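Comments concern the structure below.
As written, the chains take the letters A, B, C and D, and residue 1 is the first residue of each chain.
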Amino acid sequence: MYYWDYLGLDEVLGSQQLASASGGRRPAHDELLFIITHQAFELWFKQILWELDAAIETLGLDPVPEPSMGQVVRHLERIVSIQPLLVQQFQVLATMTPLDFLDFRDELIPASGFQSLQFRLIENRLGLDPGGRLKIKGARYTSRLSAEHAARLEASESEPTLLGVLDAWLARTPFLRFGSFDFWAEYRRAVEVMIERDRGLIASNPSLDEVVRQQQLDAFEVTSATFATLFERERWDELRAAGKRRLSHGSFLAALLISLYRDEPALHLPFRLLTALIDLDEGFTAFRNAHAQLVHRSIGGRIGTGGTSGHEYLEAAARKHRVFTDLFDLATYHLPRRELPVLPPQVRSQMAFRYQSEPDAGPAVG
Amino acid sequence: MYYWDYLGLDEVLGSQQLASASGGRRPAHDELLFIITHQAFELWFKQILWELDAAIETLGLDPVPEPSMGQVVRHLERIVSIQPLLVQQFQVLATMTPLDFLDFRDELIPASGFQSLQFRLIENRLGLDPGGRLKIKGARYTSRLSAEHAARLEASESEPTLLGVLDAWLARTPFLRFGSFDFWAEYRRAVEVMIERDRGLIASNPSLDEVVRQQQLDAFEVTSATFATLFERERWDELRAAGKRRLSHGSFLAALLISLYRDEPALHLPFRLLTALIDLDEGFTAFRNAHAQLVHRSIGGRIGTGGTSGHEYLEAAARKHRVFTDLFDLATYHLPRRELPVLPPQVRSQMAFRYQSEPDAGPAVG
Amino acid sequence: MYYWDYLGLDEVLGSQQLASASGGRRPAHDELLFIITHQAFELWFKQILWELDAAIETLGLDPVPEPSMGQVVRHLERIVSIQPLLVQQFQVLATMTPLDFLDFRDELIPASGFQSLQFRLIENRLGLDPGGRLKIKGARYTSRLSAEHAARLEASESEPTLLGVLDAWLARTPFLRFGSFDFWAEYRRAVEVMIERDRGLIASNPSLDEVVRQQQLDAFEVTSATFATLFERERWDELRAAGKRRLSHGSFLAALLISLYRDEPALHLPFRLLTALIDLDEGFTAFRNAHAQLVHRSIGGRIGTGGTSGHEYLEAAARKHRVFTDLFDLATYHLPRRELPVLPPQVRSQMAFRYQSEPDAGPAVG
Amino acid sequence: MYYWDYLGLDEVLGSQQLASASGGRRPAHDELLFIITHQAFELWFKQILWELDAAIETLGLDPVPEPSMGQVVRHLERIVSIQPLLVQQFQVLATMTPLDFLDFRDELIPASGFQSLQFRLIENRLGLDPGGRLKIKGARYTSRLSAEHAARLEASESEPTLLGVLDAWLARTPFLRFGSFDFWAEYRRAVEVMIERDRGLIASNPSLDEVVRQQQLDAFEVTSATFATLFERERWDELRAAGKRRLSHGSFLAALLISLYRDEPALHLPFRLLTALIDLDEGFTAFRNAHAQLVHRSIGGRIGTGGTSGHEYLEAAARKHRVFTDLFDLATYHLPRRELPVLPPQVRSQMAFRYQSEPDAGPAVG
């Protein structure tokens, strides 16, 4: 077993065919960088798909075996560790100046990064809504691919997604209603108490002049309206049908519960999972923004080799192709700890490890 | 001389007053991180201003002593080296969860990062057009500052900017017209030859069907129109008056010349300068995008402590508050090397070092 | 409440006194960078101490409340997120060339980064053995500090350390012996079986020639000897007395158990904790190595302003001042999963969440 | 032209053969990460060799055409931009735990990263002295390679190196002696004046007590001795023969001149070149240190799959396999600007651009 053979280096290091050198011409020096950077992207995309597939498979089990939860989180955290590499690779590619790119750019037409099958698969596996994709001149995103790759991509639209298995997993959380404990009711009450009390403080505060008082009361109406979206399930479902929410109402509540009581042992890994998903979404946004900048400095306002509108398309995708915005929005609905409903002891006990929840179990870990 | 005293550590390390701990309360653990991260931002902003001021002062000289050009570039490259720190600091701050932020967030109202005097000064010093700033509820960007700071900021609007001194410096480039060499005319001719030839190839290519032929000819019209903007000075001036171009027409041409003939000794540092400015602009875009993400995950869709609209404002600023987009757009007007006008020997000779441009100067460096 | 006042920016941004500008001289441009970089270091050191203190306090409780374990891990992971900043700050400082440093270096003598009180406190709080510190010309590490700071540092030597509370916490792990389950005995048996079986395979493999066979058998003796260190408690204690091991024998076994069965719910956070400590140790090593490189390029082979031997001292410290090498060495004693002792069901059940370990608890989270 | 075909993705993405999956077994999940990380390393090593070869070829010309100098610097700066990627890839690989590695580690024996042909080629191309390489059990570094690769590596030992062409290029610098200007003599005089004056100040300072005076005088002897190494060419040659210096005496002086007068136009790019080489050396040191840490946490104190001594070997290589330490050591011999010999106007004029050095050349750039 040689290192060289194990890694298939004859193939990997033999796959840089410089288009500029075809026909025996002197190669454009920077084309190798262009090829290798893109190959490295694709290698990492393969790794990301590998981790995504494993995460979806495990999180899609019903029930998810608890000892597998750590692995799901590690799959996602690994992707998060890869993302800064991708951003940095754009910085390496930025050492190729526009003039150097022009030495071989015409040779590439109409090939384009827009044709990265694996990146489109990643988007679909994450749960990007095919209907919500930005269109380029009205064309479907599969239009520039070989028939085989287009078919593979379309097939992936009906495969399980990370968003989908997350939604189903959250929906099964036992603690939203546990015995007589009803999280939604308790949380709603806490919100109402908080709002009413603060509104009362403002209304009765003798030191406020009337203009300021009215401004502050108006601000309360905004806050109330924000929470109302969460309390009215139908309103939520409308937003979801319009693509403005992706998680079901119950799953969002479960995510809220997890984020508010994250320190209970049984919620720790679920909280890690939600955090990893936020990091993941942010990582792809950073990747798209870095890509947009690179394209802008490389080709200015030109049309891309693939006919796309270049950096403006990529900037728009950075904003529109996010998948887990609901998890970012959880923060909208957080309450200060002192306002949070207290979990009943019988609920907390069920969230603890067995050896700790029994009086005679002996000393805890630590 | 002690390290501690030299660095003023009594003051620096004594300036973290946790609002959550006022009145003898138990402090919110994460408030220290919040304060220190922002203090570190402000320290680096001070350093950035220091470098910006020095760069503006030197580049604003007429003429700029050639031995000072390296220093101008180093000032800017230093800022570029600081920017990744700023982005990374947001990642550190992201370890504070929304729930932890709520432990002290209300104490901060109405203080807001929007009030960072130094960051606004940086924007003005770079050359952000005060009229092109995004407005928040119609308020001027100085409205939330103390009178002293607002005055300082408004004064800065009429001080020299990096964009301004760059424009003036570029406009003085001797090589746009040097003896009988007229860069604009030569470049225009090269563009026209290239376009006509390629249009002819398409028109006469027997293997194209008519639909494709027409598509390709249409594409040529787009390319022609793009170049026309550059060739018609009045059109350029209109775009500039509308804020869509920031450099004067002549300065843009000078920047184009520099980027196309960057390897001539006299153009090397000018090319480094343009590259550093592109990097700088990109670095602030990355900073704003990272800020937007951090705000989204920290407060969701809430209104910021300063009353701004949060992450959407910051994302918009990342797109709109760029200063050196003209330099990114240079790439639009690049020609392949084989199409470039050849610099006459007498021009190239003037761009060389004296000891090399004389036949009897002896061996060159290297 | 203004942003400026909340952050104490009058003090923080007013604390850059350029020694080169004293007496009304023209300041050395780069001294500001030198000061600000070091102030930023110290701000982050304060944050690191804040997190370290909190982690030590919580992990030092007996018992550690399980809901606090997540917080301990987050304290350490936050430090890990800060460390790359510190490394990157050296890269910013490296934009100051040696010649620019000489413009003000003499003014600093004898101040030196060696006098960073906070960094020394961090080392002590981590658990760096005071007796194992590298000496500089035989002087104690407190010798260059003010009397007050020296006293504070010496006091810290007898305060609880992260290593110390980790050791005590690990020693209390209930699962090393749990009912009839004895981890040490089971693990030892698994190791012996594995070694004997593999030795037998080699001894009886007819296709090996005698030279290779003997080489492979010799290699087995090395492996056996490595494991023997772990099985002979007295040998371990000797190594520990000599400073080559820092954890007690029982604590090391507990760490081994955690790392081998990390996916059991009750061991997940403990495994995260061990991983964070490895990351933390690695982060400080990277910091010291980056410091060594910066010093080498800044002053070459000169003596530092503080009289230390410069980069060679720092490189040696990167190797010798590590605290958690025992945790790195855990990998030496890992067995492939197929060779690991199987945890008895009654042990696994105790490591699970209560609601899951009861047959009628209903569906699990997920 | 499809993106997929242009990038050879059938080959690149088809080259991950998991040893753990041979014979139809269930693959070890993390083996893909292991393979892809190493393939990405090798892709980037290919790119580094491509840039190194180009830099060596151009810098090896006699004379180096001045317009090519920018390209040499860009080749090296591109490598410097790649190096942080390599370090970060180790952080991705660190998400594979030792237990996960054991799932497939035995399958790899005896393959080892020690067998990376390309990394050894990089070392040789940089100019690592084959005789100065660390030995592993007395074996040559080619011993674990296929005959073909070993031969290729040995051949590379006699090919031009970056250090070699740098040395030759520096040796040809015209400005060490230019007309009546003799840099070495001037510099030596400046050093002697500085030392004598400072020694006199100490000797005659009435406020020093005798002990301190003697200490300071002793320190001067050290400084004198350090400079003496540079002034005595034979002593330098001895150190060079012993491998403690790599540049010839004259080349080191040229590098010193460049670093001291870097702002003269003709020295700007040479100074960039020296800086890039320091960055490059530092980047490989960081790479080796990161590798050492990764190996330590992955396999503890075990012997590597290739039989090497693991992390300690790698740490030692990080210290010993540096190539451009002479350039770091330049800082040892810098003088404060006020002590530097002033370049005569006729020398400075030759270092300027032609159009600027003539009175009637019109306005300068800027």
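Throughout what follows, a contact is a pair of C-beta atoms (placed from the backbone, for glycine too) under 8 Å apart; a residue touches a chain by one contact, two chains touch by 3 or more.
Since this is a predicted model, take the numbers as computed values, not measurements.
Most remote from chain C, judged by the distance between CA-atom centroids, is B.
Across C-D and B-C, the chain pair carrying more C-beta contacts is B-C.
Distance from the chain B centre to the chain D centre is 31 Å, each centre being the mean of its Cα atoms.
Taking each chain's centre as the mean of its C-alpha atoms, chain C lies 29 Å from chain D.
Centre-to-centre separation of chain B and chain C, using mean CA positions: 40 Å.
Listed for chain C are residues 262, each touching two or more other chains. Residues 59, 61-64, 66-71, 169, 172-175, 262-271, 349-357, 361-366 of chain D touch chain B in their complex.
Those residues of chain C that touch chain B in the complex are listed here as 1-9, 11-17, 19, 29, 32-33, 35-36, 38-40, 42-44, 46-47, 50, 54, 74, 77-78, 81-82, 84-85, 88-89, 91-92, 95, 107-118, 145-146, 149.
Contact residues of chain A toward chain B in the complex are 97-99, 102-103, 106, 219, 222, 226, 259-260, 262, 275, 278, 282, 285-286, 289-290, 293, 296-303, 315, 318-319, 325, 328-337.
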